[in-house]
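Residue numbering begins at 1 within each chain, and the chains themselves are lettered A, B and C in the order written.
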Amino acid sequence: MEIAVAKEYTRNRIHPKKFALLVACASILMMFAAFSSAYIVRQAAGNWLEFSMPSLFYVNTLVIVLSSITLHASYISFKRGNANLYKGLLVITLLLGFAFLVLQYQAWQQMVAIGIELTTNPSGSFVYVISGAHAAHILGGVAALLIALIHAFMLKYEVTAGRKLRFELTLIYWHFVDFLWIYILLFFTLQS
Amino acid sequence: MANIATQSQPEVLREDMLIEELGFDDHFHDHHHGDKYQSNFINTYVFSQDHKVIAKQFLITGMFWAVVGALMSLVFRLQLGFPEESIAWLKPVLGKWVEINAEGFGTLSQDFYYALVTMHGTILVFFVLTAGLSGTFSNLLIPLQLGARDMASPFLNMLSYWFFFLAGAIMFASLFISTGPFSGGWVAYPPLSALPQASQGSGAGMTLWTLSLVFFVVSVLLGGINYITTVLNLRTKGMSLWRMPLTIWAFFITAIIGLLSFPVLVSAFLLLMFDRGMGTSFFLSDIYIGGQALDHVGGSPILFQHLFWFLGHPEVYIIILPAMGLVSEVLSVHSRKPIFGYKAMVYSIMAIAFLSFIVWAHHMFMSGVNPFISNFFVIFTLIIAVPSAVKVFNWIATLYKGNIRLNAASLFAIGFVSMFISGGLTGIFLGNSALDIQLHDTYFVVAHFHIVMGVAAFFGMFAGIYNWFPKMYGRFMNDTLGKIHFWGTLVGAYAIFWPMHYLGMAGVPRRYFSFDSFQAFAHFDGMNQFITIGAILTFAFQVIFIVNFFYSIWKGKKMTTRNPWGATTLEWTTPIERIHGNWPDKLPTVQRWAYDYGKDGKEFISQVEPLGPDEKEVH
Amino acid sequence: MTVLLVLLCVALITIIVVQVGKVTELASKIRGEEEMQEAANRRHGFYLMAFMILFLVATVVSTLYYKNYFLGYGPHKSASAHGGTLDYLFDVTLFFTGIVFVITQILLFYYGYRYKAQRGTKASFISHDNKLEIVWTVIPAVVMAFLVISGLDAWNEVMADVGEDEEYIEIEATGYQFAWGLRYPGADGELGRKDFRLIKPGSNDLGIDWNDERSLDDFLPNEIVLPVNKKVRVRITARDVLHNFYLPHFRLKMDAVPGIPTYFVFTPTKTTEEYRQELSQYEEYQVPADPTDPESPMLWEDFNYELACAELCGRGHWSMQKIVRIVSEEEYEAWKATQTPHYEQLIKGTDDDPYKEDTVEETTEEVEESTSEAEAPASEEETEEAH
């Protein structure tokens, strides 16, 4: 059910649903802020095993940034009437999303290989938990992409205001989890 | 002479004309004529996406949990007030949690005592005073008072209620499992909460408790997102921020606080779950228990406390601010006077909200935190007393030279202020760390938070229910019964919680199953009996309220005019029989602030009334 | 059966409530809404005043009635050096909050009564007064600032750890489910190292490291005994979950955290005897300690300082009591002399004794010496054979 929102009296130029999503993103950010401060406080207390981030974390950064680009390109194609490009790029984005999850798991394996398991030392524990919580949010994004993909292939191609909005919402969320990953990796790298 | 204002027919017609001529036409009903939105029972009453129905769902669920939480407190008060009396008679209800000895004497199992205390706190703080209070009134009033058709996302709103329901169902289930419900205090400090060996309730009960609360947080966040978006995006034409009623300011700022603080609780719980089940050491170190030295090394229980209280403290403001908003509105309407110092009240809410984020460690003065850090928390904690005091003075000034209609709603609002004064002042003792050395974890703390939360916030809720019941159901609750409810509860609540200050000042610790082990704490049998009897009697008065509430839904006196209180705010311009979309045709356009009571000799001036030729707007 | 009775009561209340409701609604139809409301306003206005008076009187009277149980009042003046400052701070806070309490409650209820709506009354349109806002913002701010400054002054002094050159007695309390393990440093004045991995129930409940020489004279009493007027540093730890070391009469409280030792420094200033003497002056304490046995000693005679736990730690949280005795310095020394180091009592010569080899040799030598002394003439051949 949609609430008809007339432009004349909305306070912002942002559509209410987009605004709502941004508010939700702020909320999610707070959880990671909490993790970050817990990390910093614990690190300061000593008994902290230093180690370098697994290389796959950096590879994954490229993967997720690329997926943001492909999704954005898909969105532009959608608006411009290029149905095939729109659908194709959407597929690629979804595949990259899956790839991210798989590679994250393998990055964890890299950590285990150098002796950093979940319970070895808090420094490792935090990395597992934080990257895991992020991966859970990526999973949510993948679910949204899946739905977008199903719509792309099942519905007749048509650029309506409703569909554009849904795409924009998916796009905002995906960019958000992308940005979140970059923050997390920067944080880990700078802190160690 | 003020009474239940029978808004006269001409006034009603004038309002309708103003809305027709000056209102905003969003063609809402063109889009929603015969839509699937409310086509069957399930859509209309169960998975409703109408904010008014959702508000009632929150209210009734909240009331259910209030009864459960209160009954729990009666059981553990029986233990504290009458430890020599057998409670074997409760065995049919409590089963194995009542231990019967050879002579047939029944005592409450100690584990279960602590489970009751834990559940009482959890249920009342989260399910009743957060969901039941904010959930009900934010949902009911935000669209109605802002001139919106519904919330920004009715679908998310519906989900918000059902996540709350789910959280409740899980918590309810946890009461019946064999190892018992969680019993480590509503604050769930590790290592106690992390180790099933430390307490029965820290087994499966704790897992369910945490799961329930995670779903609860989802519910709060979904609701909060909606409230914020609706306030910022869906106000009707002319409704600038400074024309919003104080209720909306309160709900809006509360939602922001919730959005920023609840996720931190989730992070604390996630880390705790890892410590519990995956062997990590975020919060655990150097533990020998159950005949074993555990592997966890390097963690700090104090870290959990920081993360918990980062939510925990703003949480109590999430509880009290909406109650304050409701009280401001009720006092103003029934005094036929503007709320005194509207802008000061708004700024106070903002100041309280901001400060609430930097005082959390006043719950941790005696936790082993570096004493130097506590200095800052003392400073900010005592500063937060200032905007709180300002609000009290403004409420009192609202009554001054008013023309007060003393009905159930306004009496509860007055009672709120009395309770907030009493409970707020003891906060000043506790916020001063030097005094907290003595008072921490004693009954003085229990007195303080019960009076501000357990009573004041409840009074705000009652004031809101009595005042807006007509808007919810088109009928009135019986006011005489409401007044009886008020006086019984006011006297009863003070009877229960005031003596607890004395227990605290005598050094009696909280969360004690029995005081028999200590000479120092054993002098207070009479007082404990008095408190328990007070609790039973006060609960009896709540039965009056519950009966009144449900009876009035179907048999209460019907509303004959749509604005019985003679209020200025927009919700009273909607028809008596609630409709989807709130207004039958156009949306009202707002021309002035919400508090023109008694201006220019008029009892009240609706917000839709344009300013007169020489009239100046107050703000 | 009782449950049935309770349900019956609830049903009865329900019926009564509904009937009362119906009656009042009928009355209002008959007499008219306006008149009913006006009468109600008058009635409840009076009730507000009546409540206010009863409330204020009850609070003052009950406070005075229970005064002699409050810590800081009557016989319960602080038994520690820092406690007096805290009690005074409490009084100051009570003074300011008491004034605010009385004034605001009176104004609140009085205005509710004074401005109740009656025939012919009207409200005044007063929306705000910025000057007033400033006044009632600044005054509380000033009072708070004063409380903060005095409070933090006291806080930083009380919580400071011992200085480098200070003389003090250090003792240790370890909280566990559900009692306290107490440890004194013995003659060397220093507590030995401990580690939770060394815990052995029955022989080494605290995990004391016997390799640390300082541990060898540590003793583990069943009560806390301290000399009056000597500075004490309590080292507070926990073995399993959070506990809290709480000495109410000394205004002392600190969480016991597993893995993170905490501390509290204080100086007891009243012996148990002195405190008892103070209590004996008060009626509340001139009663038999056991109300069922009139022959039992008086409450004041029976008094003892106690240690309690003040952080929820599980089902037995309420039962973690230990007696604390403050005695003269001579009595303290005498008491210490009666305490045997734990190492001597339970560890020496056992498998847990890291010095076992040395002690066995020592003991064997001692035995030889004593046997040779006892059987001087004929023993030499035997002892040689024994070798």
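In this text, contacts are C-beta pairs under 8 Å (C-beta built on N, C-alpha and C of every residue); 3 or more make two chains touch, one makes a residue touch a chain.
Please read these numbers as outputs of a predicted model, since none were measured by experiment.
Chain centres here are means of the Cα atoms, and by that rule the chain farthest away from chain B is A. For the interfaces A-B and B-C, the C-beta contact count is higher for B-C.
A straight line joining the Cα centres of chain A and chain C is 50 Å long. Per-chain Cα centroids separate chain A from chain B by 34 Å.
Centroid to centroid, with C-alpha atoms defining each point, chain B and chain C lie 31 Å apart.
Touching of two or more other chains is recorded for residues 297-300 of chain B. Residues 24, 26-28, 31, 35, 37, 49, 148-156, 221, 224-226, 228-230, 232-237, 259-264, 266-268, 270-271, 274, 278-282, 295, 297-300, 303, 306-307, 310 of chain B are the ones touching chain A in the complex.
Taken in their complex, chain A has these residues touching chain B: 1-6, 8-12, 14, 16-17, 19-20, 23-24, 26-28, 30-35, 38, 41-42, 45, 47, 118-119, 121-122, 125-126, 129, 133. If you check the complex, the residues on chain C that touch chain B are 1-3, 10, 13-14, 17-18, 20-21, 24-25, 33-34, 37-38, 40-41, 44-45, 47-48, 51, 55, 59, 62-63, 66, 69-72, 85-86, 89-90, 93-94, 96-97, 100-101, 104-105, 107-109, 111-112, 115-130, 132-133, 136-137, 140-141, 144-145, 147-148, 151-152, 154-156, 158-160, 176-177, 196-197, 199, 201, 207, 239-242, 244, 246, 248-249, 251-255, 257-260, 262, 284, 289, 302-304, 306, 308-321.
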